[in-house]
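The block underneath contains the structure these notes are about, expressed in structure tokens.
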């Protein structure tokens, strides 16, 4: 290869896959060895990490991915994808519209929660008790934001996905699949919130928190908590966009046509 | 409920999921019954179709989803997602950037291929032989476009994903899992191409064609061939965006900085 | 340059702009000669077409761009951008979310309308009267779709943007700025619709139709009717996303939280 | 209106526009009064701020919008939009793909620069000299990031857009159109960089910095520096996507097909 050719080849160098005419390798494995032998969840792990998970690791990841697939049209990502599907664009564009909206406050909480739990874990490893570590980290986070990522839900008093996910983590800890440090951190935060808010509306762990525990226990770095949620929620986004397609509306707005947006009289301050 | 409230509720009516405080149902099943018991692929089927697949149906769908996860940075969707990951946007935005590009000529071929195979199947059911049905439908399609969706690859003389996928379909036909009519249609098209192009570069079935056979055999409507490919390719898009993130470039362009785009002197005609 | 370097440079060759260290040329004009001397609308024309418009051409283009900037949160693109702005993503991501939805049925009608008017113009140039050409082309289009692009509005009995835009075109025809053939084609379609629908709800030209007349009279090819609408509507998309940002909601769904989407009991057929 | 209807109407309340059958008001002005009388740049200002600019304010805004329209296919946003245009998606989807990538490090620098200049201005108003205020704020920013937003360019030793933009600001200051405080802040930063880097590669103000000065002098809040850049760069994104469409490639990757991405042998650490 000439130098510019090599420079261009290196500009796009990757360890994820290698494609040559007649050959497709994913993480150095020929794709034909994966088809029919390897599960989708294992391939997700393989592409992100370079190796294959054990069956127990895979099962834990799969549970987290299943838990997040959908939260109905009240979720802005789902609603936007459904509206997109009525605008004369491809199903891929409709899914992209929904996925694009899974940002810091709508899907990104898992990423932040992994970071927060890692902080708690570090404080504990430095000598604080779990409750002490939780209170210290919560104070740090709440000095920057009124929200604690992964705890509380604007909608569910108790998130029905919390218990089955945490039960699976506890089984995995009991069997030595994961070490349980992130689970302890998360339970410590939850308990500190319970004590602090005695009598007020409880803010138990939500889906972002429970899946953050799983992703962190499995060794995924924080940004992949968001990335994995994107894969999970894409399923619901697609299903809703597709259902909407079959309903035949054109240019569906957020409200039925009998209701017009109100006029906001106070001029917007900028 | 008041009439406007009911009208608004119906405007967003869905059978995919139903969410109330403390309750999340996916296709009328409580989410907590799915977590830890149901595979991701089964949940994909459930959300799209309303019921669960048999294990053999699920295995066939899983093989198709695994086969399409990645095709490296030469694919524009993957390259764009990698570049996006260097621009200071979220990982979800980077994935959306890639998914958005899986259009009619980059991922949409599966959808068109299902339509074409359905045409062949219909012609055959109307009395033509398989070769005759294939030739008739190919002539129709090629009167509209020079490309036959699902056949040939600009890069691979033989697509390494074809054989393992078709072998799985053949086993499924042998075991009565699917009826094999779309497989026959696809093989008839492939054979007609082989005969017609004797001596020229062969154009065997590619990934879009082989997965189209699976999706069609499983009863998915044509647009979901694109939709399912989106779910599959999202895995590779995410893995590449994430790898790029770790490489630390900022505002990565398509070429190394030593190579500048050429000046196109002829004015563009519009 | 080496051959691979040149090949890579040519792969990205463009006449739109040429950038070298210390130099930025847009359509061969140094950017510093445009800043402060050339209007934004003229630069839009320059980049798309390679030359500068006359002041009258520019004024006509500007009127079309102004007319389309916004249609409120009932438009799915605007609503989606507003929801996106509450999800913790950048303002650019929110604008992209809205723009992504300006597809064939939501912004793409202008493109189709230019094509339809070009058909009418061709039929007229082949000898049909304007009414005859309009009826022939309308029949052709309506054999494929029940909608005539650019005519009728689900919301406005008369689109308030129609008259001022068409008046400007008529002045431009009177002054020899444009030849008026597309205007005649559009008025012929409108009149044919009026006659055909006597007594029924009128379907006069809408914003897509009126701007299609302008874009076509100015010599823009049909796909740029969509492209120019994208630039125009981006203004409203941005303004709405920004206003929403200031209102402080998080993860805004399409309905206030007191209203839940209804459960669709009939299983979806696929 | 019933209470739920009113609640839904208020959920989407807006001061940007008000649409009723037959009526479109933009910031309380009938759209038909704007068409043909008001420039696109004035309407951009109107929608974002609620009033119209003076002609001098408008001219300054227009210069900034013109300056940022394009930076060729080396910019990842432009390259991605061009690749998108070859994938069989709409021109609106291709533009959205490019716009989506104008994130914190690719277009977002203007927003950060406005924030930084506001910090300098505040320090100066609190009693520091301009050079002292600049040094203090630079130290603060560089404790968080090695990049100073709005200064230096990876490509241009001197950005050709700097001088004409700053000259226009200086004229506007001389004529009392703007007060010049942000200009002073920016020049103080530039001078401090020049002194500090004596002998090293200079890092003068770039397009993000020069336009940030204009947007800030005109009173736009920092996030709109990004928003306005989005409107500006959309022009170039569209022009490139359109030119690419005319070149007829399908599924264009980042490199010509003779160059394959290199295999990265070291496994990726996560």
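Think of it as A, B, C and D in the order they're written, each chain with its own count starting at 1.
We take it that contacts are C-beta pairs under 8 Å (C-beta built on N, C-alpha and C of every residue); 3 or more make two chains touch, one makes a residue touch a chain.
Owing to the predicted nature of the structure, the values given are computational and were not obtained by experimental measurement.
Common neighbours of subunit A and subunit C under the contact definition above: B, D. Ranking every chain by how far its Cα centroid lies from the centroid of subunit C, the top place goes to A. A rotation of 180° superposes the C-alpha trace of subunit A on that of subunit B, rounded to the nearest 5. Ranking C-D and B-D by contacting C-beta pairs places C-D first. Counting every residue number used by either copy at the subunit A-subunit D contact, over half are found in both chains.
For the pair subunit C and subunit D, the distance between C-alpha centroids works out to 23 Å.
The mean-CA centres of subunit A and subunit D are about 30 angstrom from one another, to the nearest whole unit. Averaged C-alpha coordinates put the centre of subunit B at 36 Å from the centre of subunit D. Residue positions of subunit A with contacts to 2 or more other chains are 4-5, 8, 10, 12, 14-16, 18-19, 48, 72-74, 79, 89-90, 92-93, 96-97, 100-104, 107-108, 155, 224, 242-243, 254-255, 258-261, 268, 270. Viewed as a contact network, the protein chains are fully connected, with every chain touching every other. Subunit B makes touch with subunit C in their complex at residues 5-6, 8-10, 12-16, 18-20, 48-50, 89-90, 92-93, 100, 219-221, 224, 254-255, 258-268, 270. Within the complex formed with subunit D, the subunit B residues making contact are 1-5, 8, 72-77, 79-80, 83-84, 86-89, 93, 96-97, 100-108, 154-155, 242-243, 246, 250-255, 257, 260-261, 268-270.
Of all residues in subunit A, only 4, 7-8, 10-12, 14-19, 21-24, 26, 30-32, 34-36, 38-41, 43-44, 47-48, 59, 62-63, 65-67, 69-74, 79, 82, 90-93, 95-97, 99-104, 107-108, 155-158, 160-161, 163-165, 167-168, 223-224, 226-227, 230-231, 234-236, 238-243, 245, 255-256, 258-259 touch subunit B in the complex they form.
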